[in-house]
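Common to both upcoming complexes is chain A, partnered first by chain B, then by chain C.
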Partner chain A sequence: MDVKRKAIFTLARVVAVLLLSTVLILLSGADPIRALQAFLSGIFGSAHGFTEVFVRATPLIFLGLGVAITFRTGFFNLGAEGQLYMGALASTAVVLLLPASWGSLRLPIALVSAFLAGGIWVLFPAWMKSRLGISETVNTIMFNYIAIMLVGICIRTFLQEPGSTLPQTAIIPEDCILPLLLYPTRFHAGTILSLVAAVLAWFFLCRTTTGFEMQMVGMNKRAALCTGLSVPKSLLLSAVIGGGLAGLAGFNEVFGVQHRLLEGVSGGNGYTAILVALLALNHPLRVVLMSVGLAALQVGAATMQRTLGIPNSIVSIIIGFIVLMILCGSLPEILEENHPILRKRKENIRHVE
Partner chain B sequence: MWNEIWNLAFFTAFFSASVRLAVPLAYAALGEMVSQKAGILNIGLEANMLSGAFMGFAVTYWTGSLLLGFLAGMTTGACFSLLHAFFSIYLRQNQNVIGTALNLFVLGLTSYLFQVIVNQASGAYPQVDILPTIPIPLLTNLPLVGDALFNKDIITYLLYILIVALVWFLNRTMWGLSLVSIGENPRAADTVGLPVFRIKYLAALFNGLMGGLGGAYLVLGQLGVFSENVTSGRGYIALSLVVFGRRKPVGICLAALFMGAANALQFRMQALGVDMPVQMFTGLPYVLTVIVLIISAVKRTDADPAALGKPYVRTMR
Partner chain C sequence: MHGIVKDFPGLRAVDHVDLQVEEGEIHALLGENGAGKTTLMNILYGLYRADEGQIFWKDEPVDVSCPSEAIRLGIGMVHQHFMLVRKMTALENILLGMRPEGYPIIRRQEQLQQADILCQKYGLKVNLRQRVDTLSVGEQQRVEILKALFRDAKVLVLDEPTSVLTPQETQEFFQILRVLRDEGHSIILIAHNLSEILSISDRVSVLRDGKKVCTIKTSSTNERELSRYMIGRDFLASNFYREATDQSREILRFQNISLHNSEGVSLLRDVCLCVHSGEILGIAGIDGNGQTELAEVLMGIRRQSGGDILLDGQSLGRWSVRRRWEAGLAYIPADRHQDGLIMDADVKDNTALRTYYQPPLSRTHILQPSQMRDQAAALTEDYQVKTPSVATQVRLLSGGNQQKLILARELQSKGNLLVACQPTRGLDIGAAEYLHTRLMDRRNQGRSVLLISTDLGEILALSDRIAVICSGKIMGVVPNTPDLSAELLGLMMGGSTLEEAKGWM
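Let's turn to the complex of A and B:
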């Protein structure tokens, strides 16, 4: 019964999404069949398109992992955006300020500093929550804006490209760029790093004692406390790891894609990552799946826009719509709870069975 | 450079710009304040504002009526706020996730629909006439603040009335007290017979109306054009103002004014070609918000409503 109902629900959701997409495509005056062709050819039609899916999925994987890990301990980290900026800022600063003689040794140093910067950035709100009881919701959003401000200041002052008036840093040295895996596409080694991070995160969360303790804290703080776990320790640790992973997304964007630090390096991915984590039910490996799925949507929609003029904003509409439908999942139980008539009928059916 | 700054004309223009930038933020933040007092933390404030801005613009563009535009903007904002309320109150989902999803959904929807309008307009970029300014006689002539406060449009004047009304409502009426009690302890409020859910929905309705009004005002009162993501994070700013203003109407308006001043200063500094990173000014209010959060927590005053963000389930303890 339950499985059947779940299947019906999933099917209804898929149909609703397809229906919505068709309506949106028709409204913009395009033919849905041709749009589908464009969508698929955008993803699978060329090596560039196919690798672009992974280029776009990579920051989402890092961010989604970061958010998922902090969500697991019940810390609602809305600050992935800011952690990304801090990671990008720290890693860029390290590479540009260290002497050139260090060569490509600067790349791993940048990676570590991105992780640390993201982790330290989330440590403030996490500490404020565990120590002072300050809700992290508004606080993490504030830290996003403060991080964006810091980046804005740095790329206009000591990190600004010499001789340029644009708010951007110099291009990072050639020997520090993440190697391309498939010339001439933008597919770079950052994707592999993100997959490694996903596996490590999965192992850590689902196969180690510390990870188990974190999940326990997230499920029932009081029970965790009563069994003698240190709740603040779990919370801070998960926050630092999550923030660090979000920081790596910044590192990935600078060293794999942009090759310099600009304003708007995230493109709002920090907020999308919250939805990725939700769709993945905070499971690290599903985060990868969802990120690739969302990235494929983006790449396909970009092709639809180029060839048929369909606004690519339909991706945001569809992602938002899917999440809202998932959130509707608790509707049947609550309906039954509030309207006993429904519950009775179901019990009767059960009797007949 | 300092000669250009230290004169009356500069300050008059600076104050005027500060108020101008503060008004949409103040509306959205006041709405969010009421919502938070009832225990609903709506991150989707950005969605309320952006949808209000778009619908306000679209309706005014089609009908030529600013009044209809504002009404449409407010209604749309209210729809999204009520949707948030339905998901958080009835379906008991995480309020942050709903808000984030709504923000993304509305960002996509407004960009998409605006693109459709632009395509149909063929050629001319759609724009509307903005709200006329109505100078208040005598008061306009006050030095420094006259132009800033009394040479504005009707929506700005309505804000002054709204502030007074909200102060009175929250401190002097039963309804205001009921609202606060529901945010603090919904079970106690329920026990004494207050309609908890209805009041929560009403608070969300107010939040949406104000957010929609703020968004619509941004486009219809100031810009005259809509563009993709025209609110560009103002909803999040308003969210910070609620905390920064310590959930008090006057405090929030001062916070909004401060934010407006920071922005106005940034624009002016840039215009004067001042050689320093002006991001400091716009970032400062966020730093101050964090400091306010810490101070409130340490002093244990003006803390969050106790039941903020938590769904209230009648049958569960």
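Let's turn to the complex of A and C:
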């Protein structure tokens, strides 16, 4: 019975999305059927489109994992954006400044430095939280601005492409970029790295003693303290790991997609990642699912825009509405709680005493 | 209420219960946890709907479908955990959700006067302009009662009101109840404590396993009879089997322990105490006199400002919480929801909290989930923790089962000393008795228990020796002999030293 009701509710949400999309597309003067075709063919119609989903999902996976791990520990890290920039900056600087004779060895060094840079960037807000009890939410956001401006300064000064007036670095040497997996698409090895990171993150969080500590600290710091767990250690460690993963997203964008560091390398993904983590209920493996799903929406929507001229804003509205529909997945339970007739069912579930 | 039935999955929580409350009486509702008292009252207040049965209000059948309907009829309820907005003043809390005269313009002065008149009439001392989070628990409770009275409640349902109060506050509270009764209000009192029920109520209804056992006049019964009705057998007051144990060895010694808070206020003053092997040392005192602080300093949760603690002759110095656990200190905290358990985590994770980092629960930092499950299953069975599975959230267990879960986790300690703070506060008699038996077993094995409790009955029933704490100072330590007078302890709890108290006796 419950499964049936759930199915009906899910179907209703899909129908609501389709209805709203249809209305909006009609308003913009396009044919909804053709729009849907364009949407689907954008995702599944070509190797380029299909791989593009993963190209876009990859930074979201790294960032989403970083955010999810810190959220699980009760550290509300909203600074993934800044950590991404610091990761991108550190890894680019390392590769461009190390002598060319180091060759491909520079790639793993860049990866490690991206992780460290992201991790160190969050260390200060994390220290203020665990030592002084200062809220991390505002601090981590403020650190985003600092990081973005710092990158802006660097790519206009010592990292600027020689002979260029544009605020960007030189192209990353050929032997240091992440290998393409499918020519001529943009599908690159960073995606594999992100999947490995997701599995590692899951194992770390759910199967190691340190991950167990982090989860317990995230649920009740006081009880964790009283039973002998180290709260500052868990907070700092999860912040560093989360920041490091976000830093890897910066590395991924520079070495897999852009092949140089420029302003706006994140595209706001650091904030989208918070949404990804929330939708995934902070579970590392679900982060992968949600990232791919969100990326698919973006890719399909971009094709609709390109082929039918459906304005970008409509696409944003639809994406926003879809997210809203996903988030209201718990609506039936909330309704039951507040509706006198439906409530009886809920009571039965709630009462185990 | 007539023939009320309420089913939960796999459980009939309330089974054909009739309950009749007269005008101007204090009607106590007695029963163990899970007997159906709170469920029954939630039905009356419109939070649950009865599956069968009918509620009558002044002989008229009524349909109480939601709390606002109950309030309209004149039924008020004060929950065990207060429903107050902590950042608002007492008056704002009272007015919250109402549309008093002049709405939407707030005539604060007038309403303050109205509320003040109520305060005067019933002797409810509250500063209405003060923010709720700065009020004491007793005052918060009075705000809750005022809230109901302000809405013209004729029947007040109070869910375990005394469980959060100190003995003195309880006496004041009872005085308020008597005034309310004399003004014609009816009071339904959900309670565990037999002596309190006997001293305050006019009639008692006893529930057991969802059924009503009886309704009797309080004046015609006694504790023994009530407890027999409630648990269906005789209450084993303090007839614990007390083995002769070797109490020669000193296990724990507090040496001049002192503690100040950040404002420099003394919370503990020069505490010197020792606990011997094979004994239960009870620490009696009125709530908030440094008991929790003493336990937390001992467990390493707080750092003492001065003095030292010796365990088996070894100084604990600045040892961490974990190192103290490994050295043999086990701890049942007073606040089990905040300090003892992770309510959102499941039974398995909570039982593993002390030992997850050691084999067999983990090997080289890798958790062994099957071992954790097996261990949790074994412990919950050993300690009679009733839970649907080890993957159930601890939040969903009853208070007694939560406490047994903490006991199960902490008694894994191979060490010699258990620190138990308020181990049975808010528990039903069955669970409390179980806890007491386990503590006594521990003692009879030759190990020690430091029992910190505000329940003097508990201290007297279990302890070998009793220390009394007042304002962070140990007023004296006396052996628990049959001729020990409660009055002597009472005087010490009130701040006299042992010598002074003896002099006055």
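The criterion applied here is as follows: the second predicted complex is superposed on the first by the 298 of 353 C-alpha atoms of A that agree within 3 Å, B and C clash if a C-alpha of one lies under 4 Å from a C-alpha of the other, contacts with A are read in each partner's own complex, and residues count from 1 in each chain.
One rule holds in what follows: a contact is a pair of C-beta atoms (placed from the backbone, for glycine too) under 8 Å apart; a residue touches a chain by one contact, two chains touch by 3 or more.
Keep in mind that what you see is a predicted model, and the values were worked out from it rather than measured.
Of the two partner chains, chain B is the only one touched by A:324; chain C is not.
Of the two partner chains, neither chain B nor chain C is touched by A:16. With both structures placed on the common chain, the touch criterion links A:228 to chain C but leaves chain B unconnected. In the superposed model, B is the one of chain B and chain C that contacts more residues of chain A. In the superposed model, A:199 lies in contact with neither chain B nor chain C. In the superposed pair of complexes, A:26 makes contact with neither chain B nor chain C.
When the shared chain is aligned, chain C comes close enough to touch A:220, but chain B does not.
By the touch criterion stated above, A:7 is placed in contact with neither chain B nor chain C.
Once the two complexes are laid over each other on the shared chain, residue contacts for A:208 go to chain C alone; chain B is not touched. Residue overlap on chain A between the chain B contacts of one complex and the chain C contacts of the other is empty.
Across the complex, chain A is touched by residues 7-9, 13, 33-34, 39, 48-49, 65-66, 299, 301, 320-322, 324-325, 331, 333, 338-345, 349, 352-354, 356-357, 362, 365-367, 369, 388, 392, 396-398 of chain C. The residues of chain A lying in touch with chain C in their complex are 206-210, 212, 215-216, 219-220, 222-230, 340, 343-344, 347-349, 351-353.
Contacts from chain B toward chain A in the complex involve residues 41, 43, 87, 90-94, 96-98, 100-109, 111-112, 115-116, 119, 228, 236, 239-240, 242-243, 277, 279-280, 282-283, 286-287, 289-290, 293-294, 297-298, 304, 308-309, 315. Across the interface of their complex, chain B is touched by residues 24, 27-29, 76, 78, 124, 128, 132-135, 137-139, 141-146, 148-150, 152-153, 156-157, 271-272, 274-275, 278, 309, 311, 313-321, 323-324, 327-328, 330-331, 334, 337 of chain A.
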